[in-house]
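The same chain A turns up in both complexes below, where it pairs with chain B and then with chain C.
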Partner chain A sequence: MNFTYILEALPDLLSGLKMTLIVSFLAILLSCLIGVLGAILRTSGIKPLQYAVTAYVEFIRGTPYLVQIFFIFYGLPSLGLRFSIFWSGVIALTAWASAFQIENFRAGLAAVGSGMHDASASLGLKRWQHSVFVVLPLAARAALPSSMNTIVATVKNSAYLQAIGLVELTFVAVDRIAYDFRAIEMFASICVIYLICVFSISGLGYMVERRLSRPFGGR
Partner chain B sequence: MTDTEIAVELSGVDKWFSILQVLHDVNLTVRRGEKVVVCGPSGSGKSTMIRCINYLEKHQKGRIVVNGTELTDNRKSIDLVRQNVGMVFQNFNLYPHLTVLENCTLAPRWVKKVSRKDAEAVALAYLERVRIPDKAHFYPSQLSGGQQQRAAIARSLCMNPKIMLFDEPTSALDPELVREVLDTMAQLATDGMTMVCVTHEMGFARQVADRVVFMDAGRIVETAPPEEFFSNPQEGRTRAFLNQILH
Partner chain C sequence: MLLLEFRSFLLEGLLNTLFLSSVMIAGGTLFAVIFAAGLSATSPWLRRPVYGLVECLRDIPLMVTVLMVYFVLPHAGLSLNPFWSSALSVSVWGGANGAHIIRAGLLAVPLGQREAAMSSGLRGWKALLLVIVPQAMPIILPPYVSLVTSLLQASSLGAVLGVNELLRSAQILIEQTTIARGGSPAYLVYGSILVVYFALCWTISAFGAKLERHFAKPYQRGKATVPHSETVPAVLQPST
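And then the complex of A and B:
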């Protein structure tokens, strides 16, 4: 292993990391929003919307992620929808992560017992007040652990976007290997970088989880 | 009896859960200030009946008039009734992510648009009354079951209800914690609150109730003042039930 080579490559790798983090951040943000919205629609009782959300989730879960990326980047332009590499990447990653976040938040909503509804109704709270002040905070807490898993997976899955030429961390490594044939140096380096990212995120998630679950227990 | 003396009136109420009929022609009138205890075996429809009084359950036939408002599926009538009816549940149903004080002030602030300061003052007064003022800033999980149930009673009282419904308020409590909740309820009764309590605490019924209602299989079988109800029950099913729970 040539460490001098790794040091030389580091600025390139870090600029790739920057792209990885930007794309991941956007996808995480958007997929959490879509996740909450989708979960609400899926439990709304409005049948056509429920079916639409379910169909979406099943489509994403039932098809390979790489195919979804190609579908968006190579397929959609022939339907007149053309996005840059960057936005294709963001859309693909968001689309994938959203399906899982919808499921996470749906489970979170299901974890809020019917007793909460009884309490709010008997106190005269409006439906929206009950949703905002009671259901959402409790559902978010219940959904947090699985939602953190999806967030971590979102960061890792940004690596697939090298396939459409997005210059993120994995792309930089693969690109350099094509010129310098230093495969072990590059892959070892990006593994460490990904690990640092993932541990930081899951550490952060664990802290939030502990903070929120204290002092009250389950429910 | 004039209309203004009637707090709750159920007449000819039927209710089904899909094909299962759980209430059969239920007729019950509760006067203002009256304390009614509802008892009966499991599955007899007593919880369902009191949940109909604030429309947590929807009845399919008959009339329910609460405080002069007939309950229909009209949102306004439901809101109006709920403003005057407080409810306490078997499992407390406190909001676990809010402190006791926040539990008590959420509805006054958002439903009655009371300022935070005023809502907190009222809440602290009621917490004082249920003897847990020191728990105001604790979360429900940090309280014992009895304290949680008293907090739930305080939360209901903060909305200044005219009628209180209790749905087996002591059934989820450890035996040694039942007393403190019953004492709180008895105190509320002394203060003149109209109360409908589903409970198996026959001592409480004897001490506090003006009338005891016995339900079985979705029907009101017998209604009598407690001394008569316990010493001289008229119906065979009532006698069988009392034999079971009093020994």
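And then the complex of A and C:
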């Protein structure tokens, strides 16, 4: 293990990490939005929409993520949809994460008891007020642990995007190995970096979870 | 049509995928049992390193694990070809995830069951296999079946190292036809293998659901709920 080599490679690795974090951040943001929308559609009671969302979730979960990436990056251009490597990566990661977030938020919505509806009605809350102020916070709370898991998995799965040539952390490491043959140093460094990312995100999630588990006494 | 024209080539890829994923499922199960045993060990000197290893495997991206095993093992004097390298890395990853599934399932069986097994003279492996495991199955199976589908999907990572499985065949087919005929058939080929993978995963899930139903009603199986008066329970038989 040559530590001076790692120090030398560190600026490259950090710029790779930056790309990893940017792509993951965009995908996490978009997939949470799509997740909430999809979950609402899936429980909306409009049959065709429900079937469409369910089919989407099942298809994404039933197919390899790597093939989805290749389909989006290499397949879509011949159908007239051409994206850069970066945006293909964001779209692929979002498409994958959304399927899981839809499931997470759907379970969250299902966890809100029907008694809440009666309670809101008896307090004179309108339908939209009930949805926004009562159901949404409770559902978000119930969905948080599994949603955090998906967020962590999203960051980890950004590593797959090296296969289409997105210059993120794993790509930088593999690229340097091709020139310098320092596989042990490079993999040790990126493993440590990924572990730090995963632990900080799950630690953050745990903190939010603990804060939210004190229901109305917060502050 | 392109897919029919090259069907034998794609079929070979599919067979390799099936073989590779069978190896991964078998290896993953083996590692899962080993890791689960390590996690349940009473000695902290065994339990803690296994726990650390399992956590690292779960937290490092699978793509990184696959590449790491391929690039780093030769430095340790162990050169594997792409097939066995990807099989090993995905199996270890599957084992780390499976270990927690198995352990959680075994812990969910009430302690009284083990005590009851011991009081009937069943100890160690016999108690585990005959009493604890059948009751843990309904808890283990659902997440385990979804792990098996993940392992099948992870076999596509072999393509990154150059194993000739379904995804790699598709890549080769696309490269060749793009060069030879102009115009990329990528959406058609990748779209079709997405459907093939989906069908395979769906089959596994359907089979898993069947298995779950089988284990969900443990006490309705067979007719052995009430022991016949004339058959002497094995434990009460005189040992010769």
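Observations, loosely collected:
Here, the second predicted complex is superposed on the first by the 214 of 219 C-alpha atoms of A that agree within 3 Å, B and C clash if a C-alpha of one lies under 4 Å from a C-alpha of the other, contacts with A are read in each partner's own complex, and residues count from 1 in each chain.
Just so it is clear, a residue touches a chain if its C-beta (ideal position, glycine included) is under 8 Å from a C-beta of that chain, and two chains touch if they have at least 3 such contacts.
On a predicted model such as this, the values are computed, not experimentally measured, just so you know.
Shared-chain residue A:L138: touches chain B; no touch with chain C.
Of the two partner chains placed by the overlay, neither chain B nor chain C lies in contact with A:Y51.
By the touch criterion defined above, A:S122 lies against chain B but remains apart from chain C after alignment on the C-alpha atoms of chain A. When the two complexes are overlaid on their common chain A, residue A:Y206 makes contact with neither chain B nor chain C. Put chain B and chain C next to each other and count what each touches on chain A; the higher total goes to C. Residues of chain C touching chain A in their complex: 56, 59-64, 67-68, 71-72, 75, 149, 153-157, 159-160, 167, 171, 174, 183-191, 193-194, 197-198, 201-202, 205. Within the complex formed with chain B, the residues of chain A that make contact are 115-116, 118-126, 129, 133-134, 137-138, 141, 215-217, 219.
Those residues of chain B whose C-beta lies close enough to touch chain A in the complex are 54-56, 79, 82-83, 85-87, 89, 91, 93-97, 106-107, 110-111, 139-142, 155-156, 159, 165. By the touch rule above, chain A contacts chain C in their complex via residues 59, 62-68, 70-71, 74-79, 156-160, 162-163, 170, 174, 177, 183-184, 187, 190-191, 194-195, 198-199.
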